[in-house]
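Next come the structures, one after another.
After this come two complexes, each holding subunit A, first together with subunit B and then together with subunit C.
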Partner chain A sequence: MIDWLAANAPLLRNISVLALLGYSVQLALRAGVFSFATVGFYAIGGYVTANLLKAGWNWVAVMALVIVVGFVFALVISPVLNRLRHLFLAMATLAFTLFIQSLALSWATFTGGAQGMFGVRRVLPQGAMIAIVVVVVLIVWLTQRGVLGRATSALRHDELLAASLGVNVSRQQTMAFAASSGVGALAGFVQVSTTGVFGPDDISFSTVVTSLTVLVVGGAIIWAGPLVGAILVGTLPLYLVKAGNLSLIIQAVVVLAIVVYQPEGLVGIVKYLFSIIRKPFRKKPRETTAGAPAS
Partner chain B sequence: MSLLVLDDVKVHYGGVRAVDGVSFSVEPGQLCGMVGPNGSGKTTTINAITRTAKLTSGRITFDGTDIANVPPFKLRRIGLVRTFQGIRLIPDLTVRDNIRLAAEQHGHKRRKSRAGAVTPDAFSEALIERFGLSDVKNERPGALPYGTQRRVEIVRALSTSPKLLLLDEPVAGMNHAERADIANVLKELHAEGLSMLIIEHDLRMLLNLSDHLVVLNFGKLLAEGEPHATASLPDVQRAYLGGSIERD
Partner chain C sequence: MLQYLVNGLSLGAIYALFSLGLSISWAGLNILNLAHGTVFMVGALTAWLLSEQLPGVPFLLVLVIAMVICGLIGLAMELVVFRQIRRRTSDGNQQTLTTVIATVATSSLLIAIAEQFTGGQPQGLSQDLFVVSGYTVFGIRITNIQIAIIVIAAVLSFAVAWFIKRGRQGQALRALSVDRDMAKLVGVSADRLSALTMFGAGAMAGLAGVLLAVQINAVEAHMGEALLFKAFAIIIIAGVGSIGATVAAAVALALVETFVAAYWVSDLRDVVVFALIILFLLVRPQGISSKGWQRA
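What follows is the complex of A and B.
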């Protein structure tokens, strides 16, 4: 087991970062906020981590700070986002990410400009990295249940209804966005503290596409979705190496097929298979109108 | 003191005068019916009361509070809750969770801390039992018969312990048995003293249930008063013939 973990360190690192990016998008999305800001916060987290680790900070302190920075930054820009809806909101978050991308290129003293940051201490132990992912998955899982989970479902499906039942829509969406941003920044921390490098390539538009792919492939709303998606998106290219140039096409076809035939992603497919297996044993739901005899 | 007071309420959408100077009030414990032809401004009136539609002018007070000062999500806290004309259940929550969702949004911490008081879960459970939804409480709403879905919506609204329940066509699209069923539920609630404002095209049902009838036409108040007397006014009768109030 230990040997396997060590031998597959790059793969695990890749999967961890992908999963965190996926969870970042999911945390916002499940509260009805379609956010492209994840990659912007990923960049902020990455560059802040690179600078602080170079300055000799302890990685635990850096991690804590990066999460807080992502969270607070999101709270600061959320009043603007709260005024926007749906497509406009998505556009605004995309604009935010584009802005951060261009800032990363121009603010060379902090970001290393086009070359990016390199030679950063690779301080994050593998065990800690896995623990970070596990904690995030747990938080996502726990908040998908109970009072918060029900309110979140309501928000995603019908904001007007949610408000009429007493859900503080803008506060809940702001908190979801902040959590999403904190996790996005955390992904940047993990990337830098395990690879030692971070630059414009890491935060390019393809990262935006990849983080969405992770979510779509695994399942956009289900808590296990981003993890499953990250594993698939992380490992698939390894098996597709032989296919050479075809690999991108195969990936695109897989993603499209899932989007078209199974909007709930791979987790949805597994759940569906389980429901087929279990069906014969389940009691048939009764078609009743609660006591009213049909006339 | 009246529970709900509308004072010269206007809601205009550009040139469309959806509600155009409506004043009426609902007394505590009253079941107030609201009728009017299609497009006469009934839903918009409820939208104005729940701050879903912006007032062009006028004033609405609930329980002595000007609702303009209450954010929409806090209306439920002061006891104002509505259902919508179309069914709006959360598809991926079970019937029980749809109801719990509403019960627990406000005051669940307070309720829990008070010794011996009912928790939102217990309160929802009691309502589910009482309104005959026990058999379907673990189902998702999408697969349920239409009448049952509407019933869930009413129970969900009730789970917020409202002072005033606003219902927008609660029996629309239901068969006779389902209608009779909901009518009984409403009668029971009324007997218990719950105040209600009910929009309904089924005039006969409203005549049976309500203490007060409000008739809208073209965004204006055409008549109001004792239900039977109001319904037989010539103006109201004429609005019917041109309109679409069904009399089955």
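What follows is the complex of A and C.
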């Protein structure tokens, strides 16, 4: 087990970062917030981590600070986003991400410009990295149950209805957005503190594509979705190496097909298969005579 | 000073050609097409491929072929992706979101294909395709491609505005934007009109792609992404679906950018653009056009 973990360190690291990115998008999405800001916060988390680790900070402190920075930054811009819905929100958050990308290129003293940051201490132990992912998955799972889970689910389907049921729409969505941003920044922290490098290539438009891919391949709303998606997106390229240059095209076609024809993702497919298998064994509902008088 | 005005104007003309398609497909069909920048890139790529494979090919032919190819990509997106999603999901929210994600997936597919051709490197456009020559008028240098860009954009903007306002199909499109089902009831062929809109939007993006590629003399697989950011700003400033305001905002934004780069710090261009986005979202989220949130 330990050997396997050590041998597959790069793969695990990839999967962890992908999963965190996927969960960041999901956290906002399931509360009905179309946010593309994840990669922007990923960039903020990454660059802050790189600078602080270079300045000799302890990684635990850096991690805590990065999450807080993500949270606070999200709360600062949320008044603007709160006024927007649906496509406007998607566009504004994507504009935010594109702006951060452009800023990363031009603000060279903080970000290293086009070359990016390199030679950062790789301080995060593998165990801690896995623990971070597990904790995030647990939080997502727990908040998908109970009162909070029902409230977010209602928000996603119909804001007006949710409001009439006593859900504080703007507060819930702001919190969802803040959580999403915190996890996004955390993904940046994990990426930098395990690879030691971070640059404009890490936060390009293709990262936006990847984070959405992770989400839709696994399943956009189900809690296990991003984890399944991350494992698939992380390992698939290893098997597609034979296809060479075509692997990117194959990947894109697969994703497109899933989005159009199977919007619930792989977890959705598995659930569907289970429901087919279970059908013959399910107890048939009894005849309606059960409660009726005998004669 | 006047020199920058000319440069800004030609940049604004390209912004306008690009943003119009994005704005109309959003207004009419409720599709935020994040692959629009990639379709733009395909236009530029087509020009590059044609000029490499067939030296001496007439520029006008290249323009037409690029427009047709990009139009067909738009059409294919409507037929293979958007229409299927519309059929499968009835929930409006879910449908909008799935469509946005699908456009992202489409864009990654097109970029992956484009990189097969460019090898992931920026490519220079052959000089034979369009011989750029400059004129000096009252001390301002203006090139023939700049004149062509400005004239084409002006003519097309008027054509599109007329089409949306007066044309029969344009009226139908406006009806579609208000209520798709209702428009169908009164006899609008929603499917055919969606296909037409996506074709037109794609063709205009392709046209802008060729023109910009000739002007900056470069083609690159990711060249559409920076433009997407500018188009977002333009749509936020103008309001979705209003043609005149979109063109005005495109020109204004390009001028602001040119002057910031010229008289202030060039790196601050995008900061200024983003500040404008935030300002408009805070003060006037419906855009400068008086129609407010109304679409098209």
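Things worth noting here:
In the analysis below, the second predicted complex is superposed on the first by the 282 of 295 C-alpha atoms of A that agree within 3 Å, B and C clash if a C-alpha of one lies under 4 Å from a C-alpha of the other, contacts with A are read in each partner's own complex, and residues count from 1 in each chain.
Assume a contact is a pair of C-beta atoms (placed from the backbone, for glycine too) under 8 Å apart; a residue touches a chain by one contact, two chains touch by 3 or more.
What you see is a predicted model; the values in this text were computed from it and never measured.
Contact with both subunit B and subunit C is seen for A:157 once the two complexes are overlaid on the shared chain. After overlaying the two complexes on the shared chain, residue contacts for A:204 are found with subunit C alone; subunit B is out of touch. When the shared chain is aligned, no partner comes close enough to touch A:224: not subunit B, not subunit C.
Of the two partner chains, subunit B is the only one that A:147 touches; subunit C does not reach it.
When the two structures are aligned on the shared chain, A:169 is found in touch with subunit B, with no touch to subunit C.
Contact with subunit C, but none with subunit B, is seen for A:216 once the two complexes are overlaid on the shared chain. By the touch criterion defined above, A:102 reaches subunit C but does not reach subunit B. Residue by residue along subunit A, subunit B and subunit C are tallied for touches, and C comes out ahead.
Residue overlap on subunit A between the subunit B contacts of one complex and the subunit C contacts of the other covers 157.
If you check the complex, the residues on subunit A that touch subunit C are 29, 32, 34, 80, 83-84, 86-88, 90-92, 94-96, 98-99, 102-103, 106, 156-157, 204-206, 208-209, 212-213, 216, 245, 248-249, 251-253, 255-256, 259-261, 263. Considering their complex, residues 147, 150-151, 153-154, 157-158, 160-169, 221, 285-295 of subunit A touch subunit B. Of all residues in subunit B, only 50, 52, 72-77, 81-82, 84, 88, 90-93, 97, 100-102, 104-106, 108, 131-133, 135-136, 139, 143, 145, 147-148, 151, 156, 160, 175-178, 180-181 touch subunit A in the complex they form. In the complex of the two chains, the subunit C residues touching subunit A come out as 26, 30, 32, 34, 80-81, 84-85, 88-89, 91, 93-94, 96-98, 100-102, 104-109, 111-113, 115-116, 222, 225-226, 228-229, 232-233, 235-236, 267-268, 270-271, 273-274, 277-278, 281-282, 285.
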